[in-house]
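Every chain is named by a letter (A, B, C, D and E) in the order it is written, and numbering of its residues begins at 1.
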Amino acid sequence: MKGRGEGLAGPPPPGQALEHAAALLLAVLWVLPLVYAVWAAFHPPEYATRFDPLAPLTLANFRRAWEVAPFARYLVNTVFLVSLILAAQLVLCTLAAYAFARFEFPGRDAAFGLVLLQILIVPEVLLVENYVTLSRLDLVDTLLGVGLPYMASAFGIFLLRQTFKQVPRDLDDAAQIEGAGPLRALLAVYVPLARPTYLAYGLVSVSYHWNNFLWPLVVTNSVETRPITVGLGVFAAPETGVNWSVVSAGTLLSVAPLVLAFLLFQRQFVQSFMRAGIK
Amino acid sequence: MASIQVSRASKHFGSVRAVDDVSFTVPAGSFVVLLGPSGCGKSTTLRLIAGLETVTSGRIWIGDIDVTDLPPSRRRIAMVFQSYALFPHLNVRENIVFGLKVRRVPAPDRAARLARVAELLGLAGLLHRKPGQLSGGQQQRVALGRAIIAETPVCLMDEPLSNLDAQLRQTMRRELRALQRHLGITTVYVTHDQVEALSMADRVVVLRDGRVEQDAPPAELYARPASVFVARFIGTPPMNVLRLADVPGGAAVRGTAVPVLGRPAGEGFLLGLRPEDVRLTSAGLPARVLDSEYLGADTVVNCAVGEETLKLRLPGRAPVTAGAEVRLGWTPDALHLFDATSGRRRDDVLQEPGVRQAKGEIT
Amino acid sequence: MSSGGSRLRSALYGWLLLLPAAAILITFTHYPIVATLRDSLYSTARAGRPAAFVGLANYRFMVEDPVFAQVMWNNALFALGTIPASIALALVMALWVNRRLPARAFVRLAYFTPTVLPMIAVANIWLFFYTPQFGLLDQVRSLFGLGHHNWLGDARTVMGALIVMTIWKEAGFFMIFYLAALQHLPPDLAEAAAIEGTGRWTYFRRVTFPLLMPTTLFVLINATINSFKLVDQLFVLTKGGPDNASNLLLYYIYEVAFGFNDWSYAATLTVVLLAILAGLAFGQFFLIERRVHYR
Amino acid sequence: ATVELNMYYPVAVGGPITKIIDGMIADFEKEHPGIKVTAVYAGNYDDTRVKALTALRAGQPVQLSVLFSIDLFELIDQDAIVPFDDLIGAADRPWLDAFYPALMENSRTQGKVWGIPFQRSTIVMYWNKEAFREAGLDPNRLPATWAEMVEMGKRLVKRDAAGNVTRYGVMVPSTGYPYWMFQALALQNGEVLMNQDGNRTFFDKPAVVEALEFWRDLGAKHGIMPRGTVEWGTLRAAFLEGKTAIMWHTTGNLTPVRKEAKFDFGVAMLPANKRRGSPTGGGNFYVFKKASPAERKAALTFIQWMTSPERAAQWSIDTGYVAVTRAAYETPALKRYIAEFPAAAVARDQLQHATAEFSVHENARVKKLLDDAIQAVLTGAKEPRAALAEAQAAAERVLARYRR
Amino acid sequence: MASIQVSRASKHFGSVRAVDDVSFTVPAGSFVVLLGPSGCGKSTTLRLIAGLETVTSGRIWIGDIDVTDLPPSRRRIAMVFQSYALFPHLNVRENIVFGLKVRRVPAPDRAARLARVAELLGLAGLLHRKPGQLSGGQQQRVALGRAIIAETPVCLMDEPLSNLDAQLRQTMRRELRALQRHLGITTVYVTHDQVEALSMADRVVVLRDGRVEQDAPPAELYARPASVFVARFIGTPPMNVLRLADVPGGAAVRGTAVPVLGRPAGEGFLLGLRPEDVRLTSAGLPARVLDSEYLGADTVVNCAVGEETLKLRLPGRAPVTAGAEVRLGWTPDALHLFDATSGRRRDDVLQEPGVRQAKGEIT
């Protein structure tokens, strides 16, 4: 992407070097917490608050964290939860978005307005009532229960609707002429064309639910259902007398998968988030 | 092979009368062009035939079946879109056989047909490319391929060439026409480019504001435009249409005294002259050169005649300079006459004895 | 857009496709809103005393509840502290990252990282930054011979501390939206301006910023919602203390509902939160209309 | 048929508590093949109560839990628990009477016993002997009174060249469980904060106000403690970092401090003003109403096993919590341990001065009122008298309903 | 009024030589068109002049200042973009005066100039509209307005008309040219449409793969194309280029025996014939009609001549049918000769006595 001013003839604008410095400095500040977590996690506790370049490295903290809390189990829960939610969201949002984008039915616009409401009033805002509902459905302390309220995502519906609307009308017409019905058209034309949006939405959704805390905290009661964030929250409850080395180790353990994925796919990640941003 | 008959079809979008009581027939195997300026209802008419829009009123026959209430998939038609509407995520092969797959045509049959079509359109080498990797012309061919592989008796095309550059458009025009003749597919072709219409059509249906303005073969359309609208729409540059006034001895172009018609039929009439029918003469209608446009093979000269302006087309690089005084002439049969109010052609008047006799002619 | 098909068929399809999503949305968004309104008019059931209709009693209690007043005030501060700052920062970041920059990939990555980290996890690290005496912040201060400060223990600084951390968490996310918008500005606008001799600042003021307005509005709404939604950090950092100095509405709702087991009062507080968000909802739709102001 | 028991338990101190519990349960199950126990660590005391109650409300199978001793009334009001009197037979009476009376105070109301002491603690004073030496104080002589503490504290404060404090004299945590620390101060000043029925509070008594003034002055006036609140969670780290010479903290932290301290430290009873004193604290076993008779019986078996002298002794050694019965202190294991680590006995010795931890109806809410008042004062937002008066008034509004 | 001189300018994007050692001069006040197929380097050349790209090598003068190292803003140029590059959030007025504001031109002066420009371009009524509310032609005018209000001596245009429909393009062509003459702005104009180039330019610079292929006035470009590339690029339809072979008595079109050139200059040469220069004759070069394209004023007939095919353009509706045998003729001076390998024009050979004497000519 050609940024402004590139390729222009003539000398560079003044103060540019200064700006670049500022940008870099900010970047460094921004990664500091992560850097510290790494430092604390890989050094013995007595160095957690003392920054001695010669400090010995160790994995003991990870071992302890791993012993103290069932991170493995937590991670499994989270992965399962996130995939469950995503899968459901993709299906439900696709169908709903398709309805909004390509069909005319009475009350469509009203319905769409009601859907959009959920972009603002997210389930955790209603955690009291939703908790009651869940207990009625006997879904408290189940991963399904944690996921259910999020499975129809207004954001996803909105995003996909936009994308579907951008699919050239001609393609839909062509598919019809060739004898494809609505569902066939959806699967053969719309879904493939919306792939970037799906990726974008997928990433947003995964990182949202990987990091979600309050609602799972309320709904889950046991190790078998706790996602990593709740596990971490319980594990790192300051009451126990904070030991940053172990906490950092635990923190790294819990964010490692996401951060690794992020580092690997950062380009797509950022691009996709940007696509998600285009509304 | 099947004829198409559109009878009294109308399509209203709210208050917009996109198509308004349109009727015409497309003989089996013939190539009919829907011509008209942007927004005149060409695409809508085509989409009505395709069934992509439902008629507000009127009926549509394909062959001897009334298809008015059938969905597109049941009308046994193929369609080519201005945008080609190729599926960007499918390669050429998949695009072409898409319809066959949907219609569950057995694989071997598919393969056979594909081979034939690819051969016919010279796509054999491109089967595994995605549309994005094809030039405009190639995409065009793929769209055609998808249309003809269905082997439907009818094919509808909406400005299929308008996204190609001048050169390519010309070659594709010829290819397309040849193909249509070869397969004998009944074709309805939408364009707003009169050159395309003249050069390709068996018949041209000129639309204006959703109504049929003229329905005739190209030569007639050019030689005897039914209205000022058609006259002004066809030809490069299009026909000159001059307002007349009565003068002693006949009718003259507004602001001149030299009669161009032998009998006073001036007021209320418009005179039509094709630029290529007008010549520079020693004696004749006096005019002043405004400017001239050199086009290589010929030059278009823009003249002021009385209150009117008139274009003439001269071969090669014309020896005229802006401001020069010239005299213009033409042969009697170059004259066209239109009713100023209705805009309709008035050959009846022209036929009257003595009308054509006038000064400004050359022999 | 019922291409070809009859109106009825299309309508049927529409609703069928919508059904599953609608079911869930109604159960977990629309019904609860109504239920909350209802419950706010009843008293909480306790041993012996079942729930009873009490009219506006809960609301009266709320009005008298000093903690509620405090919490609303805090939330206002929190919003005012986080929203403008994080948006401005996001914009600056986006402008930087959008230009050719040494180590651009790293910088963009760095700005964006906080977005992928769970608040609950990073909160513990920030707890270390803020810890008095040997916390990172105070270690730095002591380098400059400054005394230590009890950042989270001091009612005057605790909010600031939370705000800073929240900005850190959010700016990168908003940056992405700006970046997207920036990259969709046609470059020839910049060139046209360059030919006119437009300075960078002028170009930003007269062209870039106005053209980014839709994004700004979108981000603004998001930031505002988050300022009412983001309370995870409280669980680790302050528990809303000291003396509610950092308590926020949603956290207070959690406390009342699950800590005090006072479900009616929690519902009452939720109604307030809903009212605010609903207000935003209308704001958003109104603004979104205006988004297309120049197209 | 094996009986399955699910229980939640909190952790409010350092150390691998979860592992220890799991270990004990494993042993228990070996001895009682008929009973299977699943123990879930649910965070701090409040989290655990929330979890247990929400779980019950949602009909999850939970038969017993270790919950805050002070949640007694809340649990009764929620109609969640059964009194042990309904569970035990005459044979079990001795077991019930064996517990230290001070620890039982939080278990008795309406003439019944509702909770069995388990992970119980008192507040003790940890001191850094090296800091004492450095300040020219006798590392083995401890402040016995408030006055002494202030006076010694002043000498223990250390400043750097710039005049910034690098070590404080004393730190009393004021987040997490401020009311608890405050109880100690109030008690030492001769006052308790609530009545036995848990429906009356005495926040505005002059002696109580005085206690709070003293606490505030430690920082505000004498400068031997940081201004503002002191973080419960990071206090241990601060002590181990040598950022304070003395800290008040739960005995539950004894073992971790012992493990992690890089310096010679001591543990002692809290100083006295009018008298010595500390509230007991920590968790009791409760059995839930929802449990079936069979489950209740199994639960009782489990609780009795967990509180038997040997376990109690071992538990005390592993964690630093008080061993809940005299018998436990008679066990060879604990005897030996105390011999080599006398500090371990301090908590027990302090029990004679101890009183019930703050516990009333709607405890969480009332407790928060007190906590807020304390923090308001420590952060200088309010004056002790006003703050406590407000808290008292608010508490009255809540508790009035529970008197009749 | 300032001349532009591009001398030996090159621009390489990595390995791509977008512009490769290009030199040409634009006399003060003249209108020069950069013509060439897509991707030949037109835009890049223009952007080099504007300073939107920095040259890899070479220098650029505007007037007598070397602007090679000056930023765009200091080159005193105006530019019109294909996309118009109007600021969508500013109304017409603000768009036009944008540059003046930036350059701190005092308000009254601004107002005066605005009035003049708006008058000149007939925008007076639209000043308060946003670009989104304007038609393509109107947007076009606004872009022009922004360019000319700066009153810079030089204006650069990159395909300014290519987004307009045929009709509008024709009128805008004339307007634009008139405006340029009126203000006497030195103009460089980029297009890939040869008709536009021929009809507007004082001089045409034909680019090919980043190099200058020919630099001449339109008439010469058409009459004496410097290479096969130019010959094939210009004219509608473009020039026929036929491969020759030596035969007894001279050189003949491949696959025929009838010599078209009097002396054996066949092998290694290509014969050029403009369609409009070829006529149907009684005697002459035998050919078979493949198909014909009716264009109204004239008809383009496609013939097979030996191994080659040849187009000729006949006035009116030509009386030929596919498959008919015809004979073709032309005047000697209609002949163009090119080197088969280099593709360059070879008048030298054509001048040699006796070369033009051949059978297939008419008198």
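Structure notes:
Convention: a residue touches a chain if its C-beta (ideal position, glycine included) is under 8 Å from a C-beta of that chain, and two chains touch if they have at least 3 such contacts.
These figures come from a predicted structure and were not determined experimentally.
When each chain is reduced to the mean of its CA atoms, the one lying nearest the mean of all protein CA atoms is A.
In this assembly, D is the chain whose CA centroid lies farthest from the centroid of subunit B. In this assembly, the chain whose C-alpha centre lies farthest from subunit E is D. A straight line joining the Cα centres of subunit C and subunit D is 37 Å long. Taking each chain's centre as the average of its CA atoms, subunit B and subunit D sit 94 Å apart.
Rounded to whole angstrom units, the spacing between the C-alpha centres of subunit D and subunit E is 92.
For the pair subunit B and subunit C, the distance between C-alpha centroids works out to 59 Å.
Residue positions 54, 176, 231, 233-234, 237, 241 of subunit D are each in touch with at least two other chains.
Subunit A has residues 8, 49, 131, 173, 176, 218, 233, 237-238, 242, 244 in contact with two or more other chains. Shared contact sites, meaning residues of subunit E that touch two or more other chains, fall at 52, 71-72, 74.
Against subunit D, in their complex, subunit C makes its touches with residues 46-47, 66-67, 127, 131-134, 142, 145-148, 150, 152-155, 238-239, 241-245, 255, 258-262.
Residues of subunit A that touch subunit C in their complex: 1-6, 8, 13, 19-20, 23-24, 26-28, 30-31, 33-34, 36-37, 40, 48-49, 91-93, 95-96, 98-100, 102-106, 108, 111, 113-118, 120-133, 148-149, 151-152, 154, 157, 169, 172-173, 176, 182, 207, 210-211, 213-214, 217-218, 228-229, 232-233, 236-238, 242, 244, 247-248, 251, 254-255, 258-259, 262-263, 266, 269-270, 273-275, 277-279. Remark: subunit D residues 8, 11-14, 16-19, 40-45, 47, 51, 54-55, 57-60, 176, 231-237, 241, 253, 256, 260, 262 touch subunit A in the complex. Of all residues in subunit B, those touching subunit E in their complex are 38, 165-167, 170, 173-174, 178, 192-195, 198-199, 218-219, 222, 234-237, 274-276, 291, 293-298, 313, 315, 317. The touching residues of subunit B, when paired with subunit A in their complex, are 47, 50, 52, 71-73, 77-79, 81-83, 85, 87-89, 98-99, 102-103, 146, 150.
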